[in-house]
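Common to both upcoming complexes is subunit A, partnered first by subunit B, then by subunit C.
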Partner chain A sequence: MKFKTFAAFVGPSIFLMLVFIAWPLANVLWQSFHVTSVKFEQSEVEVCTPGFLTSTCTVEVRMQPILDSYGDPVTETKFVGWQSYRNVLEPARFLAGLQDLSWEQVMVIDFWKALRFTLTFTLITLPLVIGVGLLIALAVNNAIQSLRGQIIFVSLLPFIITPVIGALSIRWLFVGDGILTAFLEWLLKADIAMLANPWTLELLMMFYRVWHVAPFAFIILYAGLQTVNHDTLESAVIDGASRFERLRFVTIPHLMPLIIFIALIHLMDSYRVFEEIVGFSSQAHVISLQWLTYDLLTPDDAGNRAISRASASAMLTMIGIVVILIPLLGKTWRDHKGVS
Partner chain B sequence: MRFFKLLAVGAVALNSGGAFAGCAYENDVPIKSLSAGFEAWKAVTEAMAECGNLEAELDQEFRTKQPAAFAADPSLYHIGGVSNGTFTPLFDAKTIRPLDDLVAKYGQQLKPNQLIRVDGQTWAIAMMVNAQHLMYRNDIFADLGITPPTTYEEFLAAAETIQNAGVVDYPVGGTYKTGWNLAQEFVNNFFGHGGDFFDDNNMPTINNEAGIATLELMKALTDYMDPEYLTSDSTYVQQQFQQGKIAMSNLWASRAAAMDDPNESTVVGKVTMAGAPQGPGGTASTLWWDGIVIAANISDDATDAAFRLAMEGMDTDMVTANNDAAVWLIDGYVAGPAAAGAAATAASGARPYPSLAAMGLMHTALGSGVSDYLTGAKDATTTLADIEAEYLTAARDAGLIN
Partner chain C sequence: MRAVPRAMRQSPQLRAISAIFLVSWCVIAAFPIFWIAVMSFKSPIDAFASNPLHVIFGPATRAAGQGLSILDIIVGLGVLWGFIHFAMRDLPRYARQWAPFGNLLLYWLAAALVFAVIFIAVFFGLLPPLLRIANGLSGPIGSPIIGFTVEHYQSIWIDSSFYRNFINSMMVTAGVVVISLTVGTLAGYGIARSGSHLAFWLLIIALIFRALPHAVLVAGYLPVFINSAELLRPILGDLSPTFYGKPVAVIAVMVAINQPFTIWMLRSFFQNIPRDLDEAARVDGCTHFQAFRWVIMPVMWPGVITAGLFSFLLAYNDFLVASLLLDAQNQTMVPAIAGFFNRETTTTDQVRAVAAAVSITAPLFLLIMVFQRQIVSGLTAGAVKG
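Our next item is the complex of A and B:
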């Protein structure tokens, strides 16, 4: 292909990637090293607020933002180096915790607590999603032709549901007076509070994620199963291979590129776990890295938000995703080179 | 919001033969308002909508939208619904205007305690007050021979008695949802212990005896709550009450009317309102107001029309038709039993919630920090030290301290 034709094809997409990916990323990187703050002046003012029948007037010292001639608050942006990263990572406290070999001491720091959960969540759900997806795919593949359409439709349903809505519906099943909790309480004759324990919460969140994403793995693996070479399978049968051996030595190697693809997508998605935290309101017990960024960005009643720390946290999340993807990307790269 | 307009039309149709007098004039300037979505705001915006040309947005996320929407030129909304807390960012950025001239023109009926004055100027018009106060099941208290608690010692003792009697699932309901709600409970009880959040230089002063005692009291209360208390917000506690699952709680006055709503509640007439319990250093509650502000970046015509419309929505007719929806400050309000708790709380000297930029940061730090003590992840001093550290980091970034 001539370079000009190539450029004409690729150009628009590179342009869009620059505008919508590279530029925002550079922006976030810049913000994570700078802090923009409003300039305040102190003034003593009388403030009157209503009591039930009378007003209460008090003289208080207020910090008022200084306004410029256009009526906008005067802001000051300064370079702060790694300070926002330090505020997020709390390295001194982290190292002190490591020195004391104290897990609890490290786990009280928001970032490390979030990282611990994010990694556990990602690494435990990954094999489950692939495993359950493969099981459904095999089951559908072996179901009678006339039922397949319906089974595929039903299996895909969890994937179609909006994530937050799905998380909320699971939460409502298991909340203190939910249907399933009531059933379990009746069954076990015990008072159950699934949302009050970190581990039951984490279990529920992982269960939800597997339930939600397994259909995605299923549909891709099911497509892959249609291309398995039937001659190889038949010869394996003639060689006396059992059902499991055929799966282990013929089907799975054939599906391997797809499994790696699903793993890549799932790692990227679940490292950004967020809907579960909001859906199950688990903030008190369990938080994730993405939620941490969101929390820093949410303005409080007075309108303050920690943009610099949120940017630092977002950069750290991105770096985490890259690190976690390296082994898989490396394998894909080696396979690619091996083929070409 | 088309949906709301329909709702308003429906309400007008329903009320056409009743107490609603309709609007005294025809509003011909298109006006938009943004406020919270609870019962009182529905009543006020419906009354305003009768004059026509109002697009009312009732959105619980109003607090995140308002600062940016009012900073636009022209402002995206004319009327804003605010409370003590959400008033601060608009006032600090001066995206709302002083109302004294408008009050003189259209607001003769306003009572002095409706005018929110800062530094001699009126910046907002309050329509109602709100506070967290004691609500209890009078039937259970009578059966067990408990007198309504006035202090937290009595509150805990009553909870113990109810727990032992086993008449409800959980004796106490608490708005302890991590985040804003939990922080608000800390603020209530910290004031109850006579604490102050800041010194004169905006430095935090919570890591002290009052702070520790506050945390210990909160933890003691959780023993009598649904174990999932860290996910329970005001609506959840209200439902627990309505379904007869709890016997007492320190809940918002704006939720009082719902206890006697026969469509939702199984405990109609059985919930009594009383003043918030006393801590060792004061009333364990804060006073809040809700009211309207007018945007600065709008034309003079629109300013006039918006304020006039707001006054029409906050008039005596509206209060008469919605007497129990809130503890109104507006003329014509008849304080019923639902308001008794808020009145007693205010009378016992509860402090107004401090509407300061620093308090916003402190509230956020408390909201994410307090739960670490309740779950047992940290001890009291570490929890408070971490909250102070979090506040200091945020306050430095915001430029409030050096």
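Our next item is the complex of A and C:
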């Protein structure tokens, strides 16, 4: 294929990605160093209060936004250096917290709180997703042929459901005296409020994520199980390998590339955990990095959006993505070198 | 299927454990979704009752005079079965007979639409009044046994005008699917057939873009979209639009977010189509584009449908982009639902939110029923073939 035809085929897609992905990224970088604010001017206003005979008038100096010819406030954009990053990271309070060795003091700061949750969430759900997915795949592989279609259908439900609604559907089981709260209270003979404790909320969110992603791992691993070499398995039997040893030394090594693939996809996706926070309305107790950016982007009570701080928090979030991707990119690069 | 050697056969205990595990997984997988579907048909007291039997049979709902009799259940299931039977057996034939312009995709869409309208008209319009009369005449089997009410659906769809959110959602999803497939198939084909260094780097960059949190991208758009009228004024004059709040803006952003994934998936499908096919067409005098359009695309439909399904899911399930780029009056369905449950003033609001959630989930349920095989093949396409 000549370069010209290649460019004609790929062109529209590259154009879209440049305009709608690369350019906003550059924009975010620029915004994180600049603050846009409404320009104010001092103006003297005569304020009169009605009184007896004559109203009393005073002249006050007020700050008022400058309006342009369309009636919109005039804004100015200033370079602020690392200020927005400092506002997000709050290094002074963070260091003070470290010096006092006080975990609580650090966890008061939104960014570090979000980082802590995002990392624990990612690292705890990762092995669970792969483990549960593998178990389902093995069990389905054992099941009667005619039932497999139905089992796959049911398993796809949690995977395909809208994430916010999936989280909500689990939350509604626990709301107030919902059936599962009632059941747990009966089981543990204790008063339980799953949605009011930070740690039970985190537990529910992790449960939701495993419930949501395990089907994806299952489908991929199940497809992989169909290609396990039967001769190798049979020779393992002849060599006296037990069932567990066959799984450990034949099946799992065969599935290893798939497991790595699932792990990478899961790392990328759970690092941007967001829908759980919305679904479980956990923002008062638990927040994640992407939710932090989202929250800064939504208008506050006065209708202002903290664009610059949101950009800074977005840039900081991206550092994590780069760390996750480096091993993957290195490996892909080596493979590519090896092939060509 | 080869016979399993005796040494590899499993002990009964192992088989039992694996069966129990599988059954419990299926229960866990389906239960929350099944349960919200049950809740949505009950009065608030029943829906959030702590006794599961109350939720299922709904005594409070029944006491309020809304329930299903045995007759209702039998007739309802019968009609439902009839419709499903018709959809599976006769609909394809009729669709082909009445095809508008002989266009495959178009007549399927038309058939599905007509079918949906007739189904809704019969099931929700015609059946309830008929059954009310029949119940009055038929004595004991006509008296209600299960509490059942559709009032939450009515108040969501009609009083809270959820249909507007539905139309918005459909506009956004249709736009995203059509544009990302058009652009994505071209790029996927180009990359699959090129094998140059540039193609490799494109794939890597697409992979990096796929990993980006969506909030990062939206942070880049938001100020520009809000001020777009002002920014474009020098070029377009007073016609310059404000993109904030327009579904078009959401479509553009979602297409871009979706592009890396679409390229990867379509590339792996194109790689499965032998190169000989292109070369034969080229020998017969086709240009690259003609070969792509008239030789490759006809065999590519399964792959395109699969990629379309995943684009549909991404756009339909999105919360973040739409909630930031559209204003509250003009939302798509998923962010709109957040408005229902965030009020949390009464349990009635909550049950309404449940009904809205079920309304959003129902099309996805149908989607798996129809396209299960394509979804599975889409999931394994990226992974197994590497």
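We take it that the second predicted complex is superposed on the first by the 282 of 340 C-alpha atoms of A that agree within 3 Å, B and C clash if a C-alpha of one lies under 4 Å from a C-alpha of the other, contacts with A are read in each partner's own complex, and residues count from 1 in each chain.
We adopt the following convention: contacts are C-beta pairs under 8 Å (C-beta built on N, C-alpha and C of every residue); 3 or more make two chains touch, one makes a residue touch a chain.
All of these numbers come straight from a predicted model, not from anything done at the bench.
Which holds for A:146: it touches subunit B only (first), subunit C only (second), both, or neither?
Neither partner.
Once the shared chain is lined up, is A:220 touching subunit B (first), subunit C (second), both, or neither of them?
second
Between subunit B (first) and subunit C (second), which does A:175 come into contact with in this model arrangement: first, second, both, or neither?
both
By residue count, which of the two partners contacts subunit A more extensively, subunit B or subunit C?
Partner with more touched residues of subunit A: C.
Who does A:108 touch here: subunit B (first), subunit C (second), both, or neither?
After superposition on chain A, A:108 lies in contact with subunit B alone.
Where does A:298 make contact in the superposed view: on subunit B (first), on subunit C (second), on both, or on neither?
Both partners.
Which partner chains sit in contact with A:67 here, subunit B, subunit C, both or neither? Use first/second/both/neither.
first
With both complexes superposed on chain A, which partner does A:99 reach: first (subunit B), second (subunit C), both or neither?
It touches nothing on subunit B or subunit C.
A:154 in the overlay: touching subunit B, subunit C, both, or neither? Say first, second, both or neither.
second
Let me check the overlay on chain A: which residues of subunit A are in contact with subunit B and also with subunit C?
After superposing on chain A, subunit A residues 72, 175-177, 281, 298 contact both subunit B and subunit C.
Mind pulling up the subunit B residues that touch subunit A in the complex?
Spelled out, the residues of subunit B in touch with subunit A are 63-64, 67, 71, 84-86, 88-89, 92-94, 112-120, 126, 129, 177-180, 200, 202, 226-231, 245, 287, 289, 296, 327, 329, 342-343, 346-347, 352, 354-361, 363-364, 368, 371-372, 374-375, 377-378, 382, 386, 393-394, 396-400.
Enumerate the contact residues on subunit C facing subunit A in the complex.
1-2, 5, 7-8, 10, 14-15, 18-19, 21-22, 25-26, 28-30, 32-33, 35-36, 39, 48-52, 55, 182-184, 186-187, 189-191, 193-194, 196-200, 202, 204-224, 230, 252-253, 255-257, 259-260, 263, 288-289, 292, 313, 316-317, 319-320, 324, 334, 337-338, 341-342, 350, 353-354, 357, 360-361, 364-365, 367-369, 372, 375-376, 379-380, 382-384, 386
Could you list, by residue number, the parts of subunit A that touch subunit B in their complex?
Residue list for subunit A touching subunit B: 35, 37-40, 43, 45-58, 60-65, 67, 71-73, 76, 87, 104, 107-108, 110, 175-177, 191, 193-196, 198, 280-285, 295, 298-304, 306, 308-309.
Considering only the defined contacts, which subunit A positions touch subunit C in the complex?
Those residues of subunit A that touch subunit C are 1, 3, 5-6, 8-10, 12-14, 16-17, 19-21, 23-28, 31, 36, 72, 135-136, 138-140, 142-143, 145, 149, 151-158, 160-166, 168-170, 172-173, 175-179, 181-182, 211, 215-216, 219-220, 223-224, 227, 230, 233-234, 237, 243, 257-258, 261-262, 268, 271-272, 274-275, 278, 281, 289-290, 293-294, 297-298, 305, 307, 310-311, 314-315, 317-318, 321, 324-325, 328-329, 332-333, 336, 340.
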